[in-house]
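See the structures that follow.
Okay, so subunit A shows up in both of these, paired with subunit B first and subunit C after.
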Partner chain A sequence: MEVDREDGRSQNQLRPLACSSNILHRAHGSASWSQGDTKVLAAVYGPKAGTKKNENPEKACIEVIWKPKTGQIGKLEKEYEMILKRTLQSICILTVNPNTTTSVIIQVVNDDGALLPSAINAACMALVDAGIPMRHLAVSICCCVARSGLVILDPTKLEEQNMKAFAYLVFPNSVHSVLPEGSLSVQGEPIENGIITSVTHGVMSVDDYFYCLEQGRAASTKLSDFLRRNLQQQSTDSSKAG
Partner chain B sequence: MENKQSSSPASFIGSTVIPGDVVLDLSSMANQTIKLGDGLREDRDAISAMKAGTLRCKKPNKYRIESCQKRYVPCAGDTVLGIVVDSKRDDFLIDIKGPALAFLPVLAFEGGTRRNIPKFEVGTLLYLRVVKAKFGMNPELSCTDAHGKAAEFGLLKDGYMFETSTGLSRKLLSSPTCPVLESLGKKLPFEIAVGLNGRVWVNAASPHTIIAAANAIMNSES
Partner chain C sequence: MVTYREDGSSEVQLGQTRVMGIVTAQLVQPYRDRPKEGMLSIFTEFSPMADPSFEPGRPGELAVELGRIIDRGLRESRAVDTESLCILAGKFVWAVRIDIHILDNGGNLVDAANIAALAALLTFRRPECSLGGEDGQEVIVHPPEIREPLPLMVHHLPIAITFGFFSNESILLIDPTHNEEAVMNGRMTTTVNANGDICAIQKGGGEGVPQRVIMQCLQLATSKAASITKQIKDAVEAFNTERALRKIKRHPTSTGVDVREKQNQYTCNIPVSLEHFKSKTEVVITRTRKHYPLNMAA
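Coming up: the complex of A and B.
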C-alpha cells in the first residue's frame, strides 16, 4: 500500500540519524542524538559514591532527570523519567559498582516526534561514553498505526498527532560474537529478538501490535549498525590523537 | 554480518568492541586460566564486553578492554593524584575520581608514627599509590612504595592541577616517552606528576611556563 508521507519517506524509512558523543566538557559522558529534526542531549555523571534513601545499596542506582525544552516539569516529564530509568536499569550491570549513583540528565533540544526513543538512544550512547558497564546497548524506535490501518516508523510530530495509536519500542542491539551462531540464545531465540521496553498510546489491535514489533525489530538492526559504526569511528579517532 | 563471526578467538583482539559483544569462547579453551582485566565479564560460557573500546591481549592469558574515560576505575598498583576530602582518626578520605572515596591510613608514610601524623587540610593534592582496590570496598592508598620508602609520593606543593581523560594520562606515562612531553621538555623546564586517574599536576618557575605546559598537554588530546 503506497503511503503519502509529508517528507516523501516510505513506510519503513527512518529519518536521517546523527549522533556525536563527548560533547560536554564537564559531564563524565555525553551524547547528542538527532532523528530528523528531533534532537536530544544526554549527559551522564557518575558513578558517584552513595545511593538514595529507598534504593538497594547492594546495587548501583540510576537517577534520571528530564529537562523539557520549555515549560515546567510536570507529570509527563516524570513519566518519561520513570520509563527511562527502568530501561537503563535493565541494560546496565548494576552489581559492578554497588552503593553508587549514576545520574543521567536528558535535555530536549527540539521535539519533532519520536522524542522518547531519541532520548533512550541518546542516554545509551552517553552511558557508553562514560564507561558505565552494560550488558548490551538499547536501540529504540517509534511505530505508529494510522487511522487507515497502515503501520509507519519514526513519525514526525504532525504525523504522530494524526495517528490512531503509537508504540515506543526498545530492543537490545545486535551483537558480534566469536561463538558460532545460535549459541548466544535465550530459549532458542537470538538475543536481538528480545524486547526491553514497550510503551503504547491509543488503541490498536493485537495483530497491529505484533506487526509493529516486527517492523520495529527490522529497523532496530539498521540502528544497531549505525551505533556500531559510530562507536568504532570514535574509538579510531581517539586512538589517533595525542 | 556473518563474515564477522569466526570461530578463532583472536578475531577481535586489536579491534573495537561494543558492550554485549562476545569476545572469547571459553569452551574452546578448556584447561587454561584466563585473567580478565577492565571491561570484560564472564557470561555463561563466554566472555563478553561491558564497555566500548579496543580489546587487548597480553600474552599469555591476560585480556582487557582499553578505553578512554573521564572517570577512573581503581586498580591495585596504580599511581594517582588524590584530593583530601576529610580526615578521620585513623585515615584521610581522598577523592580519586572513582566510584568510591579512598582511604589513606594515617601511618602510611615513611617513618610514620602516631606522633608525627601529617596535617593535611581539606583540598590538599597528594601523589599516592593504590594498595588495594577490591570489589565493593573503598580503595586503600599509601604514600610509600611497596618497600616502605617515600619515593616521591606525598604532598604536591604549588603548581597547577588539571583534569584529563584516563587515556591521555596513560599516554603521558607510556614508555618510550610521549612525544608531547619530550618536545615540551626540550623547550621549557617544568616538573610534572601524572595520575592514572586522569589528573595531571605541573609546576615550573613562572606561571607563564606552567600555563604554556598545561595548555600544550590539554590540547594534545586533539
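Coming up: the complex of A and C.
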C-alpha cells in the first residue's frame, strides 16, 4: 500500500533537517533545530544555585519553560514542559551538580507538525552546547498511523490532523564507544534499543505500536548520525576559533 | 471566533540583540464606542531565554514599558490604518495582534522590538473577506488559495531610537549595549519617522538633561530614522519578490519541492541585520559656561 504524501516523500522519509548551535549570546547554551518547516529554538542557562521548592536538593534539578509562538500559555504547553523535563532528567547525570537548577527554555518559531520531537532534539543540542553533563543524547521522532493502517514517519501538520493516531518516541542515540561491547548493553540488548519516552495520541493496535517502534528506531539511527556529525563539526570549528 | 493562520513574522538582529515579531489577526466584535475601527494590540514576551534575570510569568515593568512605547508609536501616530480593518461596522472587525519575543538581550530592546514589529506588520497578509448571506450580514472569509490575501495599510514607519546619558563625562550614546545600559545614568527613547515627524518621546526618570541635548538627540534620531526606514523597506521588498517567485512555482511542473504553498500559512522570515546601525555616535558635550567650545565628534 503506497500512500501519496503531499510533499512526495515515501512513508519512511524524514523531512530535511537543519540545526545550528551557539546562536544566542547571553544564553549558556543554545541551539536551533528545524525539520522541514517546523523550527524550534532552545536555550539553556545553568547550573544556577539552588533548587525549586519541591525538588530534591541532593540532585540537580531541570526546569523547562515552553514558549508558544503566539497566544497564552495553556495546558498543552504545560504538558510539553512536563514531558520534556522528565525526558531530560533521564539523560542528564543529576548527581554531578547537586542543589543546582538548569533552565531549558524552548521557543516555537514555527509549527508544522512533529513539534515535540523537534523540541527534544533542540533541547539536547542546547544542553551539549552548554556543557551540562549527560549520559547519552536523546533523539526523537514522530510516527503516525494513517486511517488506512499505514505507518508513516515525520508528519507535517496537515498529515498529523488526518491521522488515526500518532506517537512521539524518544530513543537514546547510538553509541560509538571505546569500551568493550558488554558494558553497553542492558540484559543482552544494545542500549540504543531502549526507549526513553513514548507519548501517544489516538487509538492504535498493539501491532501497529510495535511497528511504529521499529520504524522509529531505524529512523533514530539516521538522526543520531546527523546529530553526531553536526556536533563533531561544531567542536572542530570552535577549536579552530579558540 | 476564527483565528487565521496567515501570519507575518520577522526576526531582527541588532548587534547581539535578537528579537522575533509575529503578527496574527482575528475577527472580533469592535468596541461599542468605536464601531468602525479595528484593533491593534501588542504583547511583549520577555523570554527567560534572553537574559538570566528575566523571570517567566507576568511581564515586569520593563516589558510593559516596551510594549507601551511601541504601542504609542503605532497607534497614536496612526501608522496602521485601523479603519481599513473594519468589515461590517459594529459587528466584525479585524483585531491585529503583534507578539514580540525577545530571544537575546544584547541591549536596546526597544529599538529592536520596534523594528521587528514594523517588519512583521509590513509582511503580514490578512485574508480577504466579503459580505454575504441573506441580508448581507454574514462575513465570508476566503482562504488564501481562492483569493489573494491583502496587506495592511501602513501609512508611515515610526522608528524608535534610544539614547543613553552619562552625566559624569557628559557623554551621549546612541543605541546602548546591555553593558552600557547597566552603567548609564539616564535614557531617552524617541520615536520618529522618515518624514521628520516626532511620534513619541519617552524619558522616564534618570538624570536630568539640558534642553539643548534633547534637541540634539532629536536631530540625530531623524537622520538615523531615514536610513533604518530604507533598510526595512529593502528587506520587505526582497521578501515580497521571493514570495512572488514562490507562487509562480506553484504550477504543476515541480513535484513536491516547495510544500509551503499548499498549506494555509505563509511564514515570512526576514533576516534584517542592521550591523551598521550599531555604530555609536559619541557626542562630547562640554558646557559653554566654562568657555570651552562645543565639540561634536560625529
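One rule holds for everything that comes next: the second predicted complex is superposed on the first by the 236 of 242 C-alpha atoms of A that agree within 3 Å, B and C clash if a C-alpha of one lies under 4 Å from a C-alpha of the other, contacts with A are read in each partner's own complex, and residues count from 1 in each chain.
Assume a residue touches a chain if its C-beta (ideal position, glycine included) is under 8 Å from a C-beta of that chain, and two chains touch if they have at least 3 such contacts.
Note that the coordinates shown come from a computational prediction; the quantities given were computed from them, not determined experimentally.
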item: First (subunit B), second (subunit C), both or neither touched by A:9; value: second
item: Superposition-derived comparison: subunit B or subunit C, residues of subunit A touched; value: B
item: Subunit B versus subunit C as contact partner of A:206, first or second or both or neither; value: neither
item: Which of subunit B and subunit C A:47 touches, first, second, both or neither; value: first
item: Those residues of subunit A which subunit B touches in one complex and subunit C touches in the other; value: 48
item: Interfacial residue positions of subunit A with respect to subunit C in the complex; value: 6-9, 24-27, 30, 36-37, 41, 43, 45, 48, 65, 67, 69-70, 103, 105, 107, 109-110, 112, 156-158
item: Footprint of subunit A on subunit B - complex, ascending; value: 1-2, 4-9, 11-12, 16-25, 39, 41, 45-46, 48, 50-54, 67-71, 73, 99-101, 135-136, 167-168, 171, 178, 180, 220-222
item: Complex contact set, residues of subunit C against subunit A; value: 7, 9, 16, 18, 20, 22, 24, 45, 47-52, 56, 97, 99, 101, 103-106, 255-256, 259-260, 262-263, 267
item: Parts of subunit A lying in touch with subunit B, wherever the complex brings them together; value: 28-29, 46-49, 93, 96-100, 128, 130-131, 133-137, 172-181, 183-184, 191, 225, 227-228, 231-232, 235-242
